[in-house]
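Below are two complexes that have chain A in common, paired first with chain B and then with chain C.
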Partner chain A sequence: MSRAEALQTRAGRRPSPLWTFGLLRSELVTTLRRWRTLALLAVLAAVPVLVGIAVKLETRGGSTAGPGGGDGPAFIAQITNNGLFLVFTALAATLPFFLPMAVGVVAGDAIAGEAGSGTLRYLLVAPAGRTRLLLTKYTTVMAFCVLATLVVAVSALIVGALLFPLGELTTISGTRISFAEGLGRALLIALVVAASLVGVAALGLFVSTLTNSGIAAMATTVGLLITVQILDQIPQLHALQPYLFSHYWLSFADLVRDPVYWDDLVKNLGLQALYAAVFGSAAWARFTTKDISA
Partner chain B sequence: MDEPSARERDSGDAAERDPQDARAHVIATRGLTKRYRGGQLAVDGLDLTVPAGSVFGFLGPNGSGKTTTIRMLMGLIEPTSGTARVLGRPMPRATRAVLPQVGALIEGPALYGFLSGRDNLLRYDAADPTADPRTRRARVAAALDRVGLAAAAGKKARAYSLGMKQRLGLAAALLQPRRLLVLDEPTNGLDPQGMREIRALIRELASDGTTVFLSSHLLDEIEQVCTHAAVMTQGRLVTQGAVADLAAGARGRLAVTTPDPGEAARVLKEQGVGDVTVDGDRVTGEPPAQDLAEVNAALVAAGVRVRGFTLEQASLEDAFVALTGEGFDVAG
Partner chain C sequence: MAPYESDDATAAAQDEDLRSGRRKAARYVVPVAVVGVAAATIGLVPALADSGNPDLPKITAQQLIEKIAKSDVQQLSGTVKVSTDLGLPNLGGLESSLVSGAAQGGGDGSSADPKSKLTELVTGTHTLRVAADGPDRQKLSLLESGAEYSLVHDGKDVWGYDSKSNEVYHGTAADSGKEHRAEPPATPKDFADEALKSVDDTTSVTVDGTVQVAGRDAYKLLIKPKQSGTTVGAISIAVDAKTGQPLKFTLTPKSGGAAVLDAGFTQVSFAKPAASTFDFTPPKGAKVTEDKQESKAPGHAPKPGEDFAKGMDGATVLGKGWTSIATFDTGSKGGLPSGSKGGAFGGFLGSLGDQVSGKFGKGTVFSTRLVNALITDDGKVYAGAVTKDALVKAANEAK
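And then the complex of A and B:
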């Protein structure tokens, strides 16, 4: 085809609105092909394995696992009775740090990493469009939230099924529900945990638009995560704590009550939506007006 | 900030009404200025005009504002004041309409090291919402072939040499038929054979009607491939025009090699040669208006034994040094 013909075809051709999702597909595939993403997922998958083996070893003599409880949900004592509780335990163990750290790394790197390697300027002159690129990045980070949570849940379910009996389970309220319903609740919990990470994802994406160094953005996001977790433990900051994104995280345990206690769950989801709106807008305002000099 | 953008809107509409103007000037900037937050003036009142179909050389010492200009043209940086129009549309407002028709290589290639060369191009192509996914693989293969990377397409970009990365960057600019190619130092990192290939490719693209905007620090490269050129120094445009005119601006010198330099200098002065200087057996001066054959005849008639009689053509380099008053790789 001669060049003139090619130009003519180009002019006559009408781009389909669906073509715009090519970037999202490319972004998802590219994220999953990064060695770092796979390493993060491998760490997350290893946590339930370690917890499961530890519980198995500790209870080999026939006794049930330790006193359980503390502040966290008292799931660990139940694992020996029902492997499904390993899913709840593993999510409770990874939600305070491992999961948000993984999300912080992926979100922090989203824009800053591309800027640091120079690929951002080529995406923008392609032209990806700044708003489109930011939306694509945020969607990808949220997809990673779901994937990371499911990796923990599925790994825990497999380990739980291999090491412990499965069957009817006792809720925190003391009632018994069928295994099928328990499995449904586990899936619901996984989705709520994934939604709990939306706030960190938005925060990380905003930080990512502020710098041209992926490492700096990741470190800042994870640093903020740790700071917020510490602030949430200081009693004197009682008034501030309901606004910290991690404050209602462990409310997902209320889904194992019968009937389900919704108050804190709703507060958690509302808070995550607020963070997503505030930091999402801030990221958009920053990224669409920024001079790309890297 | 508000006032120029209002004017920009008017001129943008005017350009859409008058496609003739858009076709004549692929790039047109007016008073384009960028002051960075630190107060540093990177580009100062640039009026750049790139005619359609030209191979336009963009020259200047390091730090003269070339890259900032290119980034403003590509909508990556917002101008502090002034307007920039690319393909007749205002930038950065019309990026979505303009950039699919522009291929760019800006400040060297940037690649995903963990992806193969082919996957890098697939990703850049996916970023363009006007690129047809059904023809994507074929276009990527054609672009790789065109820059001579077909054999290394499956290799991870991390393992590429600088020259191969440069070729891959060029391939990304050639994924679609383009009306304008903006190439910043396209032969950087290439061996002499690679440079020749890339220059041949640029000539081939230009002969197809693509306008090429080429920034380079290699003056002979500009002389070899460019029809037009502009020279920038310290954020300002010193000159722009056809390469032949620019080189002619700095006039050549007449050089006579002779065993009788004293007598030759006297005759040359008589013949209207200015600024005559004698250096051993070489006498040089500014050529006079009259036919040089007459000058030579006069020398011979006066008994001057002439070994050599040449007009040394001014190079673009002479023109450049004359215009910027500095050596080439000096930071401005």
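And then the complex of A and C:
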């Protein structure tokens, strides 16, 4: 990080838009080169493989997946109809925990990790400005959201294509859509899932500005994530639940209905935007006024 | 903060600290303002969107009822929200598994069987989608989290598809005449038809202003029982001013509080639904259950409310109008197995009800917010949308 920054700094004192891209690129490269990030992505890619093989083994004798009642992640019973459903199942299986945990790790580390390893002050010596640095960090985290989701989706698509038939698919409403449209919906779902993580990303970034320990920030973010998931399960808190960032996460399944049921999807995206605005600005307020001592 | 600086803290530095402190505080105003704006938006937008009651020409209750009767909406699609709050404990999965267990006992149970799905509507809030194109083609879907249950009636065929278990139920509508409805009663229209059947001299019917439902102007029909002793407080039906289609149905209990049953369109269109909506082919790999009995129309499930009693076989009805009480003999002397006789389970059942006694002897009353039932110790059952006292009175008179 600091090496790349030093090179950038020599190029000139006046920050240019191009310079921002340079900063973003170096951020992305450092984030993605970390072993930790690669390990997270590998775990995410392994989930669809496991689900796919498990369903294949269980349905080998021609029986349907799941024990009649259809427990387990959404869409798991349809995978045998069409491999494309593995994409939806894998996203439904990873969205509640694996995906936000990975995002929480990356977001929590964003500022606190730099502060902990003593590189933050060098970053700030460069004429980036704190606001710009924070925006770059947030963009990097969001890019990771998209990347992580796509890793799950692409891995699921490959496994689904190898193990199960593809072709025209039956929506959960019982109507049929062409494979091309199904693929389009899968992409749309991946983007919606990535957008669902924007709230956690902003929360993680805010937590990251509060402390100088990367581990503490990651642990707090993941802890908050689990707490919110638990709160979302307690029936007595139903008045509060529509405002929890994870409440509408599984609404992406509404994209597999025909016609698409938009209500909850719109609510989900609105809620994520709200979390991004609140915690993004809180992170900005904290980071731009913070004493950077490390 | 840094150890070397603390020694020579000057007044200037303190002044600097104060200013930067103020600047720091000012920045935190931004997230607070964002929260404030969001809260205000959430609070105000529904209030602003509720643009008052629409201005419609005056109409009498009689005219409005005729309008509903004449209403001949053949093509429709929309989203319906049904909330039921009978005051039953929320049994969730237990209840549906009990019912599907019962269905399995009776034959080859499929989770796509409409009968096993209907009971889910009895508690909680559900979102349904309905589409209709003439008497032969209807579709009703129950939107679940990550899954959907669809019931499609297309000409001769009745398909049920449960996406959660990937099971298909197939029945045939032997006579797809006009009378036949493949849909369970779930739309506001179905409930309104039931409610209007009960309109007679025991009932007051008034037009209670106008209201907007799903973006359409509607009249509000208010049905109130005149008799005392019933648990039904009022029924309000919003009727579309243009088509006469009931758009919203609300049943409130006399005891007040939330509606026992609230079914209303949140979105409705009277355009012809796409033909592909009613097109159903079982997906590859789905388990298909054929209904062996010829078209037992799945439309006759016990409905909440006054139809509750009719679902029971061999019941006689005491009284009339709103206070009618269904009664039948279970034939089992001893009534509920209570206390030591029935073991733990009997004690559990007994604890759910209230013990009452009268001229008829002793019995247990089970109450919900709408329907109360009295099971006497000699095995007779009295049930109706009436108060506990009315049940006891009926039981005394029957003696």
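Please note the rule applied: the second predicted complex is superposed on the first by the 269 of 294 C-alpha atoms of A that agree within 3 Å, B and C clash if a C-alpha of one lies under 4 Å from a C-alpha of the other, contacts with A are read in each partner's own complex, and residues count from 1 in each chain.
Assume contacts are C-beta pairs under 8 Å (C-beta built on N, C-alpha and C of every residue); 3 or more make two chains touch, one makes a residue touch a chain.
As the structure is a prediction and not an experimental result, all values here were calculated from the model.
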By the touch definition at the top of the document, which applies to A:A161: first (chain B), second (chain C), both, or neither? neither
Return first, second, both or neither, reflecting whether A:A92 touches chain B, chain C, both chains, or no partner chain. second
Just chain B (first), just chain C (second), both, or neither: which does A:L231 touch? neither
Please indicate which partner A:L188 is in contact with in the superposed arrangement: first for chain B, second for chain C, both, or neither. neither
Should A:R33 be classified as contacting the first partner (chain B), the second (chain C), both, or neither? first
For A:L150, using the defined touch cut-off, is the partner it touches chain B, chain C, both, or neither? Pick first, second, both or neither. neither
Just to be sure I read the superposition right, which of the two partners does A:D291 touch: chain B = first, chain C = second, or both, or neither? both
One more residue to check, A:V278. First (chain B), second (chain C), both or neither? second
Overlap of the chain B and chain C footprints on chain A, listed as residue numbers: 289, 291, 293
Per the contact definition, I'd like the list of chain C residues that touch chain A in the complex. 1-2, 20, 23-24, 27-28, 30-31, 34-35, 38, 79, 90, 97, 100, 111, 127, 129, 141, 143, 145-148, 150, 152, 159, 161-167, 266, 276-277, 279-281, 283-287
Would you mind writing out the residues of chain B in touch with chain A in their complex? 71, 74-78, 95-96, 99-100, 102, 104, 106-108, 110-115, 122-133, 136, 172, 176-177, 179, 208-209
Residues of chain A that touch chain B when the two form their complex: 3-4, 6-7, 10, 13, 15, 19-20, 22-23, 25-26, 30, 33-35, 117-119, 121-129, 132-133, 289, 291-293
Touching residues on chain A, where the partner in the complex is chain C: 59, 64-66, 68-70, 73-75, 77-78, 80-82, 92, 165, 169-170, 172-176, 235, 250, 253-254, 257, 261, 263, 274, 277-279, 281-282, 284-285, 288-289, 291, 293
